């Protein structure tokens, strides 16, 4: 299958390793992956700040870049959700609609489309999984603790396939880390407090690595960990699943 | 009077009419033994269950568990040892009541509530103003859930009625649960199964 | 400027207190979780409640007329108030006509919204709030910080001090049991001596013309049944079609609010006591306007359980007063801009859009989606700062032109300067308490061009 690789702007700029791992994973499971070079950003930073109307040109560009694939895969729940919920392009509405249907976050793409049951990865560490809100509550890649419903976790399932990895359970299984896009600077005090509390939950449970399906949340928590001079690392789930 | 302008604005702004949900296929939780569930839930919310076989046992229980026997009151006929309360002119005079004994129409297992209408209260304030509330309930009338409860209530034409579930309580100070906010400090349910 | 940012910054100066506030409310969320897992049909129940409320809102005109007709037949006096001022005038007129200067009031978020206490105080009326939490904030001359737990921001020692000052309790006694007993004695005297009681309304039923009030303390009942005049104040959105629908809402309300299976008292008022006057005031105050906004009308389904506040990670760490509105938290943030866009333009931004609020909402209001939509509306109406607009335009300009993006973004240079969460101002809000990610030697785009093409 032809997969268009959508790499969020901040991942492209700050975490190229995450993008490379995503590419390697997809190729390993038989996808023909293309990274359209003209891509920039999904437009979410503007839209969530109340400037959805300024993100039209980002949307047009996105549709131009990603109309020709069977699937579009992105290593971020948040950016995927934004495309799914808000991608519109008046000039090619049908293409936009198709993209909204065919875009997947990486871990859900692996469990639902590639039907991955086995990985040859090995990662002998205690790992805490941060459930990023948009992937979880927006894309339903994990069950939400608020609902009276059967629990499941697509990234959790993938991590369980990794040899030697010990997935720890947290005090609060799916509380927001406080990143929230521009919220993280506009509401600095609350954002940082949320991040500290989230990190503390992982530290209390003695994790060695915090992982997740959204690098933005991890970047926020990494900033806090580094400031605390902690030895605990953050790694995107793709980086763990490629420890083969 | 803004009545007309409010109604006109609503008429203009309300969306196209949407129907009520279809309750067919909706199966609320039912308990094999509603009386047992009721007892568990009521105990969990600070109430007390006392099983009795005749109303004659009530006075003994009250004497054993409460003081101020001269301020026990009931609105019911024929409870041995308890005189029927003659309602004062001014409901405020009910303030002195230590224990009020009333009867309830039925109970609800899922939440430990009993249904009491004005008829059973004689004065609306009685179950609220007393220091302790005691309610006689036939365990056979205990329903599983609130849907059954409102089916049973139907179009009953009460002037006032209430579900009462346990003693009056508050947790307004640091979420510490305290029984006895403004109303009764305790609630005792006499489950009366006559032999 | 007083806004959510500055108020929550102040709140966060005392981290221990933030921890305590967060944990206290999280505990309430956990109690809620435990209670709802007792009900296997919980999610269906939420669906039903949401649909019943939609039916009520979409037929509100007729249901209000039906309610009015039945309430009148039941012997109630029905008043209509277009806004807060009219509501307050109606209440005052009843008091003035009866020459009443001292009243008791049980909890009503509507009267908070209308600032009734303040209004009546100016008219010389002495109002005593009888809900314990409300009495506490009243003594402290503060507003409630939570719609269900009005003084959840206060520590028991502070309450002990207040009671020592106002109720003559011994200095230094902060035992909740003791303080509650003191309040019971203090307030019972008020119930016994005051002739007028104001209450709120949780549900009003069109079919029967009755209304239901839910409390745990029994204060609404004590006030109402001992009064000569009972004035019940309700927003017009409190209406539900039929009595049997109470089964759905009473199952949801207390479980969502505090994790109780039902409130201690669910009192159904149909007719006044003999000789008593029973007034009901139907209040619009912006509700019809909200009803006309398709994106936001769902917010009128709210049954004021407070679950969205307890679960909100921002609310728990910013406190109710940071929302500077009668109703705080996520639901307050979508209701307030309808009342005054300029005043409350900050509130829809006081969220990470995590979505937990929508999931706990017993009537399934899409709260976080509405927060997103309010942001768009507020921006379009010009209620966001000019500097932010300028920055957003620069960002949009760069991000929509790949060549500019590639050039600007070389090794994260542009990002460091311009992505809002990395703005390298003199005073960088990211860097204050967080380290920056280290920019790598090359972006993924650069790597891909070298290695894959």
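When the chains are written out, they are named A, B and C in that same order, and each has its own residue count from 1.
Heads up, the rule we're going with is that a residue touches a chain if its C-beta (ideal position, glycine included) is under 8 Å from a C-beta of that chain, and two chains touch if they have at least 3 such contacts.
Worth saying up front: this structure is predicted, and the values here are computed from it rather than measured.
Shown here, the protein chains touch in a chain-like sequence that does not close on itself. Overall, the chain located most centrally, as judged by its C-alpha mean against the mean of all protein C-alpha atoms, is C.
The chain with its Cα centre farthest from the Cα centre of chain A is B. Chain B and chain C, compared by their mean Cα positions, are separated by 29 Å. Rounded to whole angstrom, the centroid-to-centroid distance between chain A and chain C, based on C-alpha atoms, equals 32 Å. In this assembly, the C-alpha centroid of chain A lies 51 Å from the C-alpha centroid of chain B. Residue numbers of chain A whose C-beta contacts span two or more other chains: none are found. Touching two or more other chains at once are residues 39-40 of chain C.
Listed in rising order, the residues of chain A touching chain C in the complex are 7, 9-17, 19-20, 23, 35, 37-41, 43, 45-55, 57-58, 60-61, 133-134, 137-138, 144-149, 172, 174-176, 178-197, 219-220, 222-224, 226-227. Chain B meets chain C in the complex at residues 1-3, 5-7, 9-21, 23, 26-29, 41, 45, 91-92, 95, 108, 110-113, 123-125, 128-129, 145-147, 149-151, 153, 155, 157-176, 178, 180-184.
Chain C makes touch with chain B in their complex at residues 24, 27-28, 38-41, 44, 47-48, 51-52, 54-55, 57-61, 64-65, 80-82, 86, 130-133, 136, 149-152, 154-156, 159, 176-177, 179-181, 184, 187-188, 191-192, 208, 216-219, 221-222, 224-226, 236, 241, 243-244, 246-248, 250-251, 254, 258, 260-271, 273, 282, 284, 288-289, 291-292, 294, 297. Of all the residues in chain C, the ones that touch chain A in their complex are 4-5, 8-9, 11-12, 15, 18, 22, 26, 33, 36-37, 39-40, 42-43, 311, 313-314, 317-318, 348-356, 358-360, 372, 375-376, 378-380, 384, 388-389, 392-393, 395-396, 398-402, 405, 409, 411-412, 415, 419-423, 429-430, 432-440, 442-449, 452.
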